[in-house]
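Take a look at the structures below.
The following pair of complexes shares a single chain, chain A, combined with chain B in the former and chain C in the latter.
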Partner chain A sequence: MSQHDTPDTPAPTTAEPAVLLEGLRRDYRVRTAAPGERRRRSRIVRAVDRLDLTVARGEAVGFVGANGAGKSTTIKMMTGILQPTAGGVRVLGREPVPERRRLAREIGVVFGQRSQLWWDLPLRESYRILAAMHRMSEAAREARLERLVEGLDLAPFLDRPVRQLSLGQRMRGEVAAALLHSPALVILDEPTIGLDMISKEGLRRFLREDRAERGTTLFLTTHDMGDVERLCERIVVVSEGNVAYDGALERFRDHLGAPRELIVDLAEPRDRLELPERAELAAVEAEGIRHRIRFRGSELTVPALLSRIGEQAEVADLSLAEPAIEDLVREIYGRRP
Partner chain B sequence: MSALGTIATASFRQYSTYRVATAAGVFTNTVFGLIRASIMLAAISAAGGELRGYDALQAATYVWLGQALIAPIETFGTRELGERVHQGEVAVDLLRPTPLLPLMYAQKLGRSSFLLLARGVPPLLAGAVITGIALPESLWSYPLGLLSLLLAVTVAFLADTLVNLAAFWVLETRGLGVLYMAVMNLLSGFLIPIVWFPDWLLTIARATPFPSMIQTPVDALSGRVGPAESLLPLAVQAGWVAVLALAAVLALRAGERRLEVQGG
Partner chain C sequence: MVRALYGSRLRSQASFRLSFLADLGGQALIVAVEFLELWVILSQVGVLGGMTLPQVAVVYGLGALAFGIADLLLGEVDGLSPMIRSGKLETLLVRPVPMLLQISSLDLSLRRLGRILVGLAMYVVALGLAGFSPTPTLLLLAVLAPLAGAGIFSALLTMAGAMQFWLIEGREFANAFTYGGNYVATTPGAVFALPMRAFFTFVIPATLVAYAPTLALLHLPGPALIPGWAGWMGLPTAILAWVLAALLWRAGIRHYTGAGG
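This part shows the complex of A and B:
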């Protein structure tokens, strides 16, 4: 059964990056029949195309992109269940396909759409089995589980069969299952899909805490930009199987120069405010009380804008709306031919 | 405890929670046992009290043991692995640090241990009360019978796994499963003892692993085949375990390759 694992490969040095993708390519053969034709023709679909990416140990990377951009294919190649068509993959210094099971001891994976828990057993039993699979001592298991139960608030349903859990409860259980063996790299594929705001926040808070405690590398794919904003420092946008943007999250907004929006509520209604050159009035609402002002983060600061407004009127309340990364991603796609 | 031991005990406990299903299974197996025993006894009576080595009591014992083994052997096949392959859930299984086949076998042993006690014993007791059952003459028949049963569970598990692994290549395995079940139920000696087959069919049956799944353990447990004579059939069972285990490992490896190369 150990057909893929070469026996006793020495543990690679921690100097190697957590993830190293070099010119990674993956083609799928798709067979479709053209309209009016009986015979199906096969054609090649390139899901991942010359993808280069290095993730250092301890980094938290949000890997985002539209459906079909190649996110899942990349993750499958990183975990060793899919062989690249061309190019190189190294994860924690290992070759994923030949060293799949060995790698499985060092990484934790959550596929939001699939479960790694035992459906008909109490949640607690899944952790007993997983701990045995990872050859954890009873003491190590109990200590780690205690931390996970507390951090993810699992206690209320730890003894309930998994099939009876709500989606939010199950996802917390899945994350605990992926983190049980304290993996060096955590790969989360859509971990908050279908969760309500409170469940999402709880999950994110714990992921941040655990990462701060253990220096884990986090690799996250999601459609929820809140996940990226709360969990990651770096964002990688994939489009058509290739990296369309790679950089720090804050600079990502500036890079695109997407406008921010300042909403001020004035003490006294006013028809117009004199604004600096690079700011524009988007709307006046509530009969002159609420003013929506658009400006670009790189050209104008909020204090400068506020002091200018303060010269003209008394500000009762204000709020600042950051551009949603979703819109920014769309903008990136829009720019590409 | 080892990973496989933990999985086996967890699987035992998991099945012990399905109380209603267990009770319904016991009831069904017992009722069908009664029907099958009536037909067998009628046939033997029409044949003049004995039919190819089976008298009335031995025939009843054969039926009740067969009914008792339906659940632990999983005579009617399983579909879980094939479904996991089709739905892509097998990716999760392949990402576990424990290899898939030993993991499934541990689950199977835990499950079958529970099913043997909960679904195997009651039909036997019912049979003992209703028709009476023949007990083996030698005490050696008990340990050898249990060993034969373990081998039978293993052979059936491996063959069933091979059928399920076909899901890596074909989109719909239900037809294959039904075909397998029909062939297995006949050639294993589940429906009628294989020695009742015409010679040509008996020859075919003996060239397959199917009699190792039911006929052999039933013969060994009932003592119809004595301890010394059952050693050869047990060796045949062990041989099939080796052959099918190799086939299953190769099939899974090919399936994984296919997944790796063609995608899920």
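This part shows the complex of A and C:
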């Protein structure tokens, strides 16, 4: 097959933004049967609702939100897997669904939870097949692969079948697969899910390097605020299918000193604990055994909080939760005028 | 690119040589045992659907050969439901290659060669035993028939796969037609009652795969609804079936992406 692809529509100008979403909406029809009813009722669930977003070329955007906020649905509409119910979506100047295969040449996608590698083949073999799919010349493939192998440290397991790789190794392999054809837009859906800290850092470092070298646009969904902090300059928070916050990451952090949560299990159940002024009780569970206490790291330290609790009750166990995306979203809504 | 896709599959299977040989033998055994069943029946009644044992063997060999080729190329398409459920399909959709080609090459199983080899051997040997007297026209039909039959079956497999875009648990339902069609194709069509014969000729064109060509090849009179010239209808039927299969497949993808249709 020819190496030079001659698309039958003109290549869109690079003046168009990488991603343009206008009033984007997607409904799902969900059928549920209420207990005791024979007929199933069908109801419409609006996964994405009037979502507007423009991502300029070369930007790195963290697209965060709780489960069910509409992140994955938005990505599916951007990649041509799903047709929007209403509204407009243009990616690299193309319409994703009708131009799906052409768009696929210009974007790289990592679905963190599903593999795009051939599980029973050596990792190297997957790249050979993907390069053939993207009609890369052998020289181009080898040059690019060399860079990826070095940057993602793939050499130790390049000749091992994918099914034998650890999760961290496989994810690095997945990212290399998505970047092989040097896409202009890289879409990463939960790329670090389930990875240990070292694997995460290695992956993030390479994504930064590659972006700096090639000026790639990066679109990242994640549950991990660390991914966003290390990779993105801009953060978009979605909630209930809509943009709840959109701005520079710097401002986001200053704007919201996100609350942390201390979870203490008491030896004896108690109805309530006296807490310092700047901490608040979020919930009491397990009939007074488990207390969830929310506080801000800048205003109150954990030892201070613990010693106060220790005065009142015996603590059997405790854990500390970092700010969840859900809380950030709640925070955003709480601060809206 | 096609070479890279299929070549990788061949290499991966070559690396499991023992299991490959076992699979190959197993597939061949299945075909042989199935035929044994027909042989047992025939040893009791002498004639089945107006056909003697060698003639039945031609039908059986031709049907197995045609199904084997189709199964080799598109046997994975009927596994679409698990791919939809696991989200595997989405990873295929973000690649710049037609989906059927990807699925076809995804799990090209060479063990299916077992069915093809046994079918081919049986077809050739049985033709000789059944007194096949080749003319150029009949020889052409003898070569064309397994290919047209493979075309019909692969179209059926594709339709069965496409249906799973709507019926997520549709695999068993669809298999009733594909594997059921295979069963019908390897059996002399005259044994079926008229309504069933009509169904498996005009709706699921299974009798056109092997039974009708065998009648034409061996100059046998056909039963009602399947005249001698029906033996030549395999190729046009295959083309028609593929047009329908392609339309259904496209509609299936459009349905999946929610683009309507």
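Operating definition for what follows: the second predicted complex is superposed on the first by the 252 of 337 C-alpha atoms of A that agree within 3 Å, B and C clash if a C-alpha of one lies under 4 Å from a C-alpha of the other, contacts with A are read in each partner's own complex, and residues count from 1 in each chain.
We take it that a residue touches a chain if its C-beta (ideal position, glycine included) is under 8 Å from a C-beta of that chain, and two chains touch if they have at least 3 such contacts.
None of these values were measured; they are calculated from a predicted model.
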Please determine, from the superposition on chain A, whether chain B and chain C clash or fit.
clash
Does chain B (first) or chain C (second) touch A:Ile263, or do both, or does neither?
neither
If we overlay the two complexes on their shared chain A, which of chain B and chain C does A:Ile289 touch? Say first, second, both or neither.
neither
I'd like to know which partner A:Val109 touches here: chain B for first, chain C for second, both or neither.
both
After overlaying the two complexes on chain A, where does the chain B footprint on chain A coincide with the chain C footprint?
1, 26, 76, 79-83, 97, 100-102, 104-105, 109, 111, 114-116, 118, 120-121, 125, 128-129, 132-135
Interfacial residue positions of chain A with respect to chain C in the complex:
1, 26, 76, 79-83, 85, 97, 100-102, 104-105, 107, 109, 111, 113-116, 118, 120-121, 125, 128-135
Touching residues (chain side chain C, partner chain A) in the complex:
1, 3-5, 8, 11-12, 86-88, 90-91, 93-98, 257-260
Using the touch rule from the top, collect the residues of chain B that touch chain A in their complex.
1-3, 5-7, 10, 13-14, 17, 88-89, 91-92, 94-102, 249, 253, 256, 259-264
Interface residues, chain A side, partner chain B - complex:
1-4, 26, 28-29, 73, 76, 79-83, 97, 100-102, 104-105, 109, 111, 114-116, 118, 120-121, 125, 128-129, 132-135, 161
